[in-house]
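You will see two complexes here that share chain A, one where it goes with chain B and one where it goes with chain C.
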Partner chain A sequence: MEASTVLQSLISGLTLGCIYAALGLGLYVVYGVTRVLNFAQGEFVMLGGMITVSLCAWGVPLFPSIFLAVFVVSVTGAILYRFIIHPARNASGSVLAFLTVGFAFAVEGLTLLVWGWEYRSLTNFLGSSSIHLWGATIFGQAPWVVGMTILMVAGLYYFFGHTMLGRALRACADEPLGARTVGISPERMGLLAFVIAAALGAVAGATITPLTMTAYNVGIPLTIKGLLAAFVGGMHRAEGVIVGGLLLGLTEALSAGLMPGGYHDAIALTILLIVFLVRPRGLLPAHANIE
Partner chain B sequence: MRRLSRLSVLILLAVVLAILPAGCAQDKTPDAYRIGVIASQTGPYSALGLPAIDGARLVADQINAAGGIHGKPVELLFYDDKGSSTETALAAQKAIEVDKVVAVACISATGLSHSMIAVVNDNEIPGLIMSGTGLVDSTLGKWAFKPTSSEKDYIPLPLGYLTDDLGLNSCAGLIENSGYGEGGEHYLKLIAPGAGVNMVTYQHFDPGATDMTPQLANIKASGAASIFIWGSGPAGALAVKQAREMGIMVPIVTTPAQNSPSYYGSFGTYYEMAPSLVCLDSKLTMWAQLPDSDTDKEMCREFDESFVAKYGRAPGMWDAIGAQFVMFIADGIDRANPDLSDIIKARGHVRDAFETTTNLSLFMGTHTMTPTDHYGRVVHKEVLVTFKNGEKILVKTMEQ
Partner chain C sequence: MMNPIAGTKTISPVAGRPNAGRYIPYVVAAVVVLSAPVWAGAYLVSVLTIVGFHAVLALGLVLLTGLAGQVSLGQAMFFGMGAYLSALLTVRAGLPAWPCILVAAVITGVGAALIGFAVLRLRGIIVAGVTLTVNLIFYYLVMSMGQVTGGATGLTGIPRLPYPRGMPYSVFIFAFVWIGVVVLLVFSLNVARSRSGRALRVLNILAGGGEDTAQVLGINTMKYKVSAFVVAAIFASIGGSVYAHYTGVIEPGSFHVQLSVLVAIMVIVGGVATPWGAIVGATLMIGITEVLRAVAPIVLGGPTGAYELVAYGAILVATLLFLPQGLCSLPERVRRRRRADDGH
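On to the complex of A and B.
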């Protein structure tokens, strides 16, 4: 086994892990505040990528395109909460999760109608090119993906720890009834959680598209990866989601590089299943909600 | 107890009355040849299924515009396999039992279409399957037919290009984990040694993979002088981009899926990097560059122009596959001229006609079926293409 292959697998795993962690963070925000497993998170990512690609194709510069995509996808997140989740807020968690599944399929269908079935991609941000290091390659877009995930984590920490709105969200996550008695509306906080998750998804979608391409049907597989990252690491803590995402990415990449014969997804999932069986509450179980 | 019995009788009567009109309605002779078309409208293979549906629909429209077959129109009923073998089989059951189609065509990914072989044989309905592997050619049974291409026939074309045109004798296989990839690896192992190509390593990727760099690092370390990417989805196109970004500049040949215009549109820069990518393709997409002496050129031109007029885009290989499945079925129905008042007998007559198909020229090949050969491709029509200045360029055909 060449050292360069091991290094390449580690770089690949780190990049994939950041993508999965970014997906998981959106799921974590919604689940932490509303206790809803949002199966439409991957659709936010897909929409973010598709809208950014289209705007760039029409000549809009990259970063304004991403900003506009975040706005449109955030509105989509608000629609999901206000018109689907909120009216059914007294239903069980599984019913609400199924409603998000339905929404995901509806978004997928509409995207197919609007954009067609073709795959689309973006060029690397600011034309950044690959870096070759000890026989391995870091793609030009990879630092953007890693940087995006770090910024997301830092942003969420600052938001939940140092802003009034973030603290209000935490209060709703910890004790919805108590939050209501001090004047915080859990409904508004739920709406905010979906908007934040959608915005995070849109940023992730735009950032990963140069690496992964995007199409109308990539959302559900992305959601599954994000859920796996969140479940394995621990759904109740951002650190858990990050650890879960990195573990999933590294397992996939190392099995692809070091184990011959293929079926790397199956190998990675089996390893993660074992982790899940040993630590059913995730690698980093909750000590408190949203922190 | 007596009350319960009366209730049971009433329910039974209600059920019988509900069923009777439906049964009577089905006794009426259909006024169209109903054909079930199962394809991926959603799911991971929809980039293959949706264009196939466009191709199938165009041929049916053309047949109906010309007066149908023996005065009856062709009616295509589309079913979504959702990228799942189970959904494929369920869709086939619905087409056969509920919609009473005379024949069924499964234009899905290779692995999915294999689930149809047992279904059509068990239900005794003529069925076409879109399997890209020759591994199933001898297992089609009495009712399944495969009027498309098998890799064993076209593998010699890219391998010959590597050895004869480029003078290379070593290659690495980067193979998709799927039924299509399994067949590709099987036949590469069989055919490559005889073609003078040493396959130094086989690496594998999952169909939904987005990062093939670990496998490409292994290929780089293997010292292979070329790469054969074998896949049916976007991962193969990503692998081309990633190989070039990693500085792996050896010649790359690929299966047809990688020449999809959407991949080329996204990764044209990487496709054109010297030595530019070489893909398998069909004559249909390259008809304008075929010599006038090519007997398929006129058929391809007519279809291409009709397709552009209807859909506003040029047809690709999967459009051609969808089209030729309907062409094959229409040819069989035309020769069988089945009486649709008895759908069971009609299906049998159509099956018999499929089995006597002789020198039927389609976009991907010419087929002559026999009782022992339900693949029956007697002329292979693949071509090799490369990419330059935003255009696809014909490299060579099977005849060259």
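On to the complex of A and C.
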């Protein structure tokens, strides 16, 4: 590979990786607090994109559109928790995961009803189409995607480390019974976790749409990729899902650079699957004191 | 509130041989279904054929999910492997159809064994996530290997299976698929009562067992789990091959992850504890699909496919919340409630 191709792959890999990391963060928040593998995380991303596109098409300015989309999707996340997960909260992990699968199918169907099957896109947030750098092309939207993920990470870091509510969530994740004895309601924290995950998903969806486009059926593949990335990095730590996400993005972009012809999806997923099967506890396993 | 151990009953070995009279309703049901070409129109026969294909996939899953409690979401991939291998061998290599089905089944079985050994060491819902990923990889591979598989457009001109004269091809396929369903059903019911079946059931968390329990009892858990996985894959592969020779046209969209999830939904809705659940689930879900496809776009408008997705999701959620053991547990539930009422 030429130097410019390598650089190009690294840049697109970083961008893609940020998308998967953002997906993984949503999965991580829900899994950490409620031990639910949320197969509907990709649907939050898809809905965030679709709603933003529609609002923009109606003439609402971009950032208010995103804000509204985040609000609507957060409500969707709250509905998922309150009416589907909460009534079955004592069921096994498989049952809870399949409940989110059912929700994902219903959301896909409703989206297909409302928006049809067409792929939709947004214009870049700043209008600029692309930047050229040493023979590589950076799409104008890419810095936004990277910036969004960095902001998410910083925001979550602050929230979980330095606010009372965030600490309460962490307490619930570490020890639900202990949290209950000091007056934290695991149910309320579960609801909050789903709302946060939905909001993160919606922001990600709006930000990636100019780059990847969106349609009613993009959610499930996104969920699968996000889950695999999170598994590979380690579901028990935020650092884990970020590392896993970046790894999947870079693998995908590098294999696209090395082997053109659409094989990159299959190759990247296979490589990550093998990594996961070799290290099923994740590249960054849980802290010893949580185990 | 749900009781996850509600199925404890199923862990006990089935005692004694039921008398022959017990089989009469089943024989009647089999005769009614198998004689459908006589009493039903061509449309209903084709729908029942589709039900049969899905029942084959679901029966395979019951072996793994129902008995061992291991959720796999890769049935569509094995169905697709059977379809594509058989189609490629007949279309591109010009080989006769029947041997191709066998070759496809053997290759798929070996593939499933390799995947099974790698994947089934994992536990719980992670197996579902990983098998779903393998299914997605298969889809991407078929899409990108356009020179071989025809890519997104798929393969056409797949030859028919040799079939007896004086019988429409659709009726032949219908009979073949449903005889297959009956064979698989009997096989599954017998496995459930055999030593292997009991071993698998000890693995089932829903039935009060689990991986550790099984290992403590000296059961080679990997051996049983991988066997169930491979048998399910072979069922699916043969089904896929026959499907390819039935429709003559295949495209990758038919073997996407949505089908794997739909098959799991059928098994859950019908009831994981018994092979009958697979048939009940397949019939119900395909029936609903057909009705919605025929009626909803006309009455309610909107694109085809949308209502069935909503229905699949809603039915899955409703089943898990209100009838977690599936429709086949309904008679037992009613009986138990009646007994409880009598007690008062």
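Here is the rule we use: the second predicted complex is superposed on the first by the 282 of 291 C-alpha atoms of A that agree within 3 Å, B and C clash if a C-alpha of one lies under 4 Å from a C-alpha of the other, contacts with A are read in each partner's own complex, and residues count from 1 in each chain.
Assume contacts are C-beta pairs under 8 Å (C-beta built on N, C-alpha and C of every residue); 3 or more make two chains touch, one makes a residue touch a chain.
Owing to the predicted nature of the structure, the values given are computational and were not obtained by experimental measurement.
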Inquiry  = Following the superposition defined at the top, how do chain B and chain C come out on chain A, clash or fit?
reply    = clash
Request  = Quick one: classify A:Glu108 as touching chain B (first), chain C (second), both or neither.
outcome  = both
Request  = Return first, second, both or neither, reflecting whether A:Gly42 touches chain B, chain C, both chains, or no partner chain.
outcome  = neither
Ask   = So, does A:Ser94 touch the first partner chain B, the second partner chain C, both, or neither?
value = second
Task = Tell me which partner A:Pro221 touches in the superposition: chain B (first), chain C (second), both or neither.
result = both
Query = In the superposed arrangement, does A:Gly233 touch chain B (first), chain C (second), both or neither?
reply = neither
Ask   = With the two structures laid over each other on chain A, which partner does A:Glu118 touch: chain B (first), chain C (second), both, or neither?
value = first
Inquiry  = In the overlaid three-chain picture, which partner chain does A:Asp265 touch, first (chain B) or second (chain C), both, or neither?
reply    = both
Query = When you line up both complexes on chain A, which piece of chain C, out of 148-156, 274-282, 310-318 or 328-336, runs into chain B?
reply = 148-156
Residues of chain A contacting chain B in one complex and chain C in the other = 108-109, 112, 117, 221, 261-263, 265
Request  = Would you mind writing out the residues of chain C in touch with chain A in their complex?
outcome  = 1-2, 4, 71, 118-119, 121-122, 124-126, 128-130, 132-134, 136-137, 140-141, 143-144, 205-206, 257-258, 261, 264-265, 268, 302-303, 305-317, 320-321, 324
Ask   = Given the complex with chain B, which residues does chain A contribute to the contact?
value = 2, 4-5, 8-9, 11-12, 15-16, 19, 108-109, 112, 117-121, 130, 132, 135-137, 139-140, 211-213, 215-217, 221, 253-254, 256-258, 260-265
Ask   = Which residues, counting only chain A, touch chain C once they are in their complex?
value = 37, 84, 87-88, 90-95, 97-99, 101-110, 112-113, 116-117, 220-221, 224, 227-228, 231, 261-263, 265-266, 269-270, 273, 276-277, 280
Key: Residues on chain B engaged by chain A in the complex (per definition of touch)   = 42-44, 46-47, 50-51, 175, 177, 202-206, 208-218, 220-221, 234, 237-238, 242, 245-247, 260-263, 265-267
